[in-house]
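Each structure below appears as structure tokens.
Same chain, two partners: chain A is paired with chain B first, then with chain C.
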Partner chain A sequence: MTPKAPIIDWAGLSPLVALLGGAVIVLLVGLLRPRFVREVIVPLLALATFATAAGLGIWQWGEQISLISGALRLDQLAIALMWIICATGAAAVLLSWRAVAPREAAHGEYYALLLTSAAGMLVLVAAQNLVTLFAGLELLSIPLYVLCATEMRRETSLESGLKYLIIGSVGSATFVYGLAFLYGATGSTDFAGIDRALNSSSLVSDPLLLTGIALSVVGLGFKASIAPFHQWTPDVYEGAPTPITAFMAVATKAAAFGAFLRLFDGALLNAQADWGPALAALAAITIVVGNVGALGQTSLKRLMAWSSVAQAGYLLAGVVVATKLGLQATVFYLAVYLFMNIAAFAVIIIRERQTPLGDDIAAFAGLGTTAPLPAAVMTVAMLSLAGIPATAGFIGKFYVIEAAIDGNYAWLGIVIVIGSMLSLAYYLRVVAAMWMLEAPEAPVSTVTGRPALAGGDLDAPAPGAGIEVYAVAAVFGVATLFFGIVPSPLFDLAVKVGSSLTSLF
Partner chain B sequence: MTLHLSILLWLPAAAGLLGLFAGRAARWVTLAGALLALAFSIALIADFDTSAKGLQYVTDQTWIAQLGIHYKLGVDGLNLFLLVLTTLLFAASVLWSGLDRVERPGQFFFWLGLAETAVLGALLAQDLALFVVFFDLMLIPFFFLTGSWGGPGRVPAVLKLVIYTLVGSLLMLTAAIATAVLAPGQGTTFVLSELAHRTLGTGSQEWIFLCFAAAFLVKMPAFPLHGWMPDGYRAMPMPVLAVFSGVLSKVAAYGFLRIALPLFPQAAAHYQELLLLIALATILYGSVLAFTTTNTRLILGYSSMAQLGFITLGIFALRPEGAQGAVIQAVNHGLVVAPAFFICALLAARAGGSEDLRDMGGIAARAPVLAALFLIVALANLAMPGSSNFVGEFLILLGVFNAKIVISIVAFTGVVLASVYTLRLFIRSMHNRVGPNVVSRDITVSDGLVLVPLVAVILAFALYPQLALHKGEATITRSIQPAAQAAAQPQIAATP
Partner chain C sequence: MAELFFFIAGIGAIAGAVGVVTLRNPFYCVLALVSHLLSLAALFLLLRAEFVAAAQVIVYAGAVMVLYVFVVAYIGGGEQPALRPPVGRGQRMIAGLCTLGLFAELMVATLGSGLKAIDSEGAPYRPGFGSPAQIGELLLTKFLLPFELASFLLLIAAVGAVVLARRRGGVGEAGDERRMSALEFARGPAPLGVGSMAEAAGDIPGGVDAESSGSVSSTIGERGGW
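Take a look at the complex of A and B:
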């Protein structure tokens, strides 16, 4: 008897196929010589791929199916997170359009890596098996290590790539070690199997299981930049090309929290008594460390890195409670996080390309008088990140705090607001710089060529901030404001996602 | 007649938004919005049904169904006069800034309009989440107004102000969510009238009450939580300061009556003495500093602090007469402090730009109208018998006298101190030896356009305080009732 191949539901798998297929096509088209093809067609193809994947997600919305004999699961959680990832990816493509990085790393490779990384994220958030979980994690990480180093003539970019590679590998190794322990304790790599094993036996304080949980928390903690595993974040965020930083900040976070939700609120739900308090403590530490770390930063990319650490803490609060409300709040917050973060990064890119000050906060002084619209978008993004009413960030925080209190973690709710207070000090500093400081005296010229590390072209024209960057800033800025006033569509989405992890209540 | 409160609420912000694109006409557009809002609120008083129980002109829409948050607005005796105060002071402030020359007028008036909407929203909201939204939102326009148009040292001062006051507000956010989530009953709701029926256990009530109290006391500000006040007051542009001091602190006092007492009656009774002591400390501390400092803004700032102490005292007497006095006094103080800040700006203009009392003196010489108007304001501030402030303070002290006699005796000294620091301000600026750079001249027509109506309202209110007393009585008594009962029966309060 020949072994039977598993039935493959191609319809359910189609978004993943689209992303990987798109990556191959982009890579091949990128090999063509004409400049127009490389600089216009390739990014357009990448955009089209993200749009196709998102569209296939709309087609498959409402399905809850198991793919490839239980290796992946396509449900609302996977699709919603995929939308977030695809939106981030599309924004990253637009932000990279005239950037230095794709020009230096070859357009085909750059965008293909971006698509592959997004595919890895999709695998991660859809994983139903420890093995696919790890495969997804690696598929998302390895292209990112490369992408961080794509500005090959800038030292910090290379440093960032190397640092991310080393630390990311440590994280991955820890994670896979933890997964091995989990398999050892429960005898199954399948999430459903793990759930059954935890349900039926008295594994509750089994040292093997506890070690497995601890190590996988550490591994995922590296990816989601949860303190104390966050030290790489500021350096990598600062060094990486800014569009890649934006992509990492949002999409990686969405993917890592998708994995958190799948693994902890799904497979390990019955061991919540074991990991709940520990994760809650980590969330509290992360909130405090992230916000305190951001206080003294003058580089906005570093500031956003610390802020993303803090935001990871807020998101983790939604995972800790292990309730349907917590799941909804996490997904809601991730969507909100997408809007406000991309809006902020788009404005950072605009300034980076207009002034020689780069991403320093000084580049924003007096922006309110010289360019009120980007300044307004940045203001909305900063206020939203701080959780001020009438922005989406407020509703997101509201939801997370409600989930925390509802899940008997009222103290975590207090920690979240204490974090928000700390965060005001640095978010408002940016706002104050834009509206309350004078613009620098002499109108500064545009950026000159970057320092050559390896025989670079010093006179290469600096990229300008094209219409596409402004468009990204405007769209995501308006979305931040819109969903702060009319949050119901996002709530509907979140509630539907809430039904995908059936064991939660 | 139906009056849609949403129109009142959004009119100023809409006018401000329109002004953003109106260029040089921004001030007139915003002024039109502010005056229409004022007319609207006066129509509310005229149309208000005194005999009706409960809320009037209610607007109730579901805002976020999944969380049970409603967009519910309503007017009753508690907020009716505070609404009028808000629209009046904002109209005065917009007019005053409009007659001045402001840089970037579009943005300035946009923020001022948004500030009015946020304050009105906090006063009108009948849903806890909506209240929190507007209460927190209030601060953002003032952040921009102070930071961009303020005096020297404005950026550090405004950061201090915002962070300080948002500390309280964000604690309140958690507390508000906890109120709804922990309340017994089916489903989550934030609507105040429903929450009032779902009494929380004593343990939860206490920490939630303290979070709310922290938010309100910082905003007032009360004694140990007033650190932001001196820097913030010094940095704010004068017309903005007039509304900030005149209105925002009242929203905090209002929050106690609207939210803290009805929802957490046992906790309010439990912490009654603590709050009374804080109020007392605030009165004494504010009065003493108002007497010693020489910056006119800060004299008014500390005097406001003392007045807010009186208002808190009245609220936490937990007796109807005390609460009524508190509401009246909130309106009175707003009416007095706004023209006082305006006069303070006029004095500075006559004393060579200095706001220091030592550089003033003898300003009354050639400014009889200014002196007369200032005297009326000053006498109202020190609660001269015959003024409406006298009625307010009398009721407050009566309430406290009936509740805690010792505290009321100490509080009486506050009344004496008020006349000392107010008369000191008046005498040293208007009379005494003529200051070095003082050029005495009377007010111009455009100054009078702002100042005279405000003073006229003070006089009218002094003659006929029953207007507010009568319309507010029923609701105020009702909102204080649960807490008053809890205070009267401590043995019941002790059981959950």
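Take a look at the complex of A and C:
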């Protein structure tokens, strides 16, 4: 018997091939000598790669096919999440254009790691096989561990990389253990096979299956920073280079929730009675812990980290209900989350490069009078994260709450509302600092927000915030407002995505 | 016979694992880990997973452990002072209680569910399942994509390791210029202080010492580089 070679659908596989091929090209071009090539051509190539992958996604939009003997599933869910990931990646490239991290890590390597991580995220959201799922998770994580540590002369960056590596490894190990249990209980690594096994037998209360579900929730929970697996988030977000923090905050979350949706709302749908209440409890805990944790923060990166924990709770509510509406709400919220989070991080980077205070909230005092434009963007982002009407965040939260109530989890909807009320306290603190405090007269001499460089000095000229950072802030800030007033394009997209998991209704 | 083999391997695995965490000398710890991994390989063989057993011996007990031994040999395998965790008595008490609780929970779970299967036949064995031939075939057919992704993962992990290891000296822009390009490599002698093998061996003085020793340029001139 000769083994039959798998059919390779290159058209369907093209976005993944583009990302991985782009990573190799960027890596090789980064070896060239001229400074211009390293500092301009390489980021441009990385941008072009993200654009190519997104464009190939447009070309493949509407397909619903399985690739390479069921390893990947190309459908609207995968493509929509890939757009979110590519947009985040492109924003991260622009935000790191003049940053310290690519110079320290060498440009080619830095952007190749970024592209590979994005490719891993694409695999994760498209995987419909337990083995592919794990391969995607590792391909996503390992470049990120390195990227977190790329500001090598700053101790906190190294610390963040090491912390992320250790805790991420625990998460990965737990996840693969859970996947092994799922395979053991159902006898199949394919999502379709798992679904069939759960459909046809009384496996639903099998201890093996329950253990598998619990362990894979923990593993994905680490990646999506769901409480109580979130402890790494503030430290890692604070220590990592800010462009990487932005990339992690949005893209990793989108990838983890893509995997959540496909694994739980797809393969394990028939066991929803088992995991539904557990995930709902986790969502409620996450919302409370994230919002309470953010209250006392003065570092904006830590504040955004705690806020991302809370947002993970809101997103999880869309997964818990296991309905088409929940799927749509999750994808919609992820898209909205992209706009408001990247806008906020772009403004944080602007202030980080302009003041010696780093990402401390004091750097924002009086920004409304000295630089109204970044202050306006930050205000929009903060209000949107809090869920104030006329911003995209409000529509997203509305959608999620609607899905929760529709799926008989009304109490979870109430928790979301309470969480949003709590969150106003810290989001509005940032807004108040910008518009109601006086700008400091002279630059403050005590360098509190900026940690000392390990084994280095500060005499290198601080990279200014170039036009590209302002452009990212403006584009994503305007998008936050635009989709808050005219949400229908995003709605249509979410509705189309809703048809990709056919077992939901 | 199988039972005897199982218990020997099982006891070996547990003894090895206990040895890893209790022995003080890191060298013995590594050896205990090797015996633990070998016992695990025997258990895999009992499960008729020949490929996993072989991989366990070759990759873990072989290659990875050799790396460990090298590291231990480099940093000195002598008696290390016992590591004292910087926590108080109360915290250690709580940790102990949590461990006990977890142990009790695991025992309840295992005794309550897992042991039921002990008298049963277990999963049916299909001839050829898990054999190296079948695994090889699966890697090139059904799991082709994860296989390729794993190769890419190894590439990018190597790149990441180089990124983290290269700049340990904390060189900034100046160091950037000192980095060699492929063209320069082809052109000839390396500049000083690039950490070439000849420098390490002391054949030519390295970057830091370059100023202190007066005859650097002449040495280089005579030797024509490395």
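Just so it is clear, the second predicted complex is superposed on the first by the 488 of 505 C-alpha atoms of A that agree within 3 Å, B and C clash if a C-alpha of one lies under 4 Å from a C-alpha of the other, contacts with A are read in each partner's own complex, and residues count from 1 in each chain.
The working rule: a residue touches a chain if its C-beta (ideal position, glycine included) is under 8 Å from a C-beta of that chain, and two chains touch if they have at least 3 such contacts.
In this text, all values refer to a predicted model and were calculated from it rather than measured experimentally.
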Once the two structures are overlaid on chain A, check if chain B and chain C clash or fit side by side.
fit
In the three-chain superposition, say which chain, chain B or chain C, touches more residues of chain A.
C
Which holds for A:Ser172: it touches chain B only (first), chain C only (second), both, or neither?
neither
Does the superposition put A:Thr323 against chain B (first), chain C (second), both, or neither?
neither
Classify the contacts of A:Ser307 with the two partner chains as first (chain B alone), second (chain C alone), both, or neither.
neither
So, A:Gln354: does it touch chain B (first), chain C (second), both, or neither?
neither
By the touch definition at the top of the document, which applies to A:Thr286: first (chain B), second (chain C), both, or neither?
neither
Under the superposition described above, what is the C-alpha centre angle at chain A formed with chain B and chain C, rounded in steps of 10 degrees?
150
In the superposition described above, what is the shortest C-alpha distance between chain B and chain C in Å? Please give a whole number.
38
Spell out the residues on chain A that touch chain C in their complex, using ranges where they run on.
3-6, 8, 20, 23, 27, 31-33, 67-72, 103-106, 109-110, 112-113, 116, 119-120, 123, 129, 131-132, 134-136, 138-139, 142-143, 145-146, 149-150, 152-153, 161, 207, 454-456, 460
Within the complex, chain A is touched by chain C residues 109, 113, 137, 140-146, 149-150, 152-153, 156-157, 159-164, 166-168, 170, 172-173, 176, 179, 181-184
Listed in rising order, the residues of chain B that touch chain A in the complex are 64-67, 104, 107, 129, 132-134, 136-137, 140, 143-144, 147-148, 154-155, 158-159, 162-163, 166-167, 170-171, 173-174, 177-178, 180-182, 188
Tell me, which parts of chain A touch chain B in their complex?
368-369, 383, 387-390, 394-395, 397-399, 401-402, 405-406, 410, 413-414, 416-418, 420-421, 424-425, 428-429, 431-432, 435-437, 487-488, 491-492, 494-495
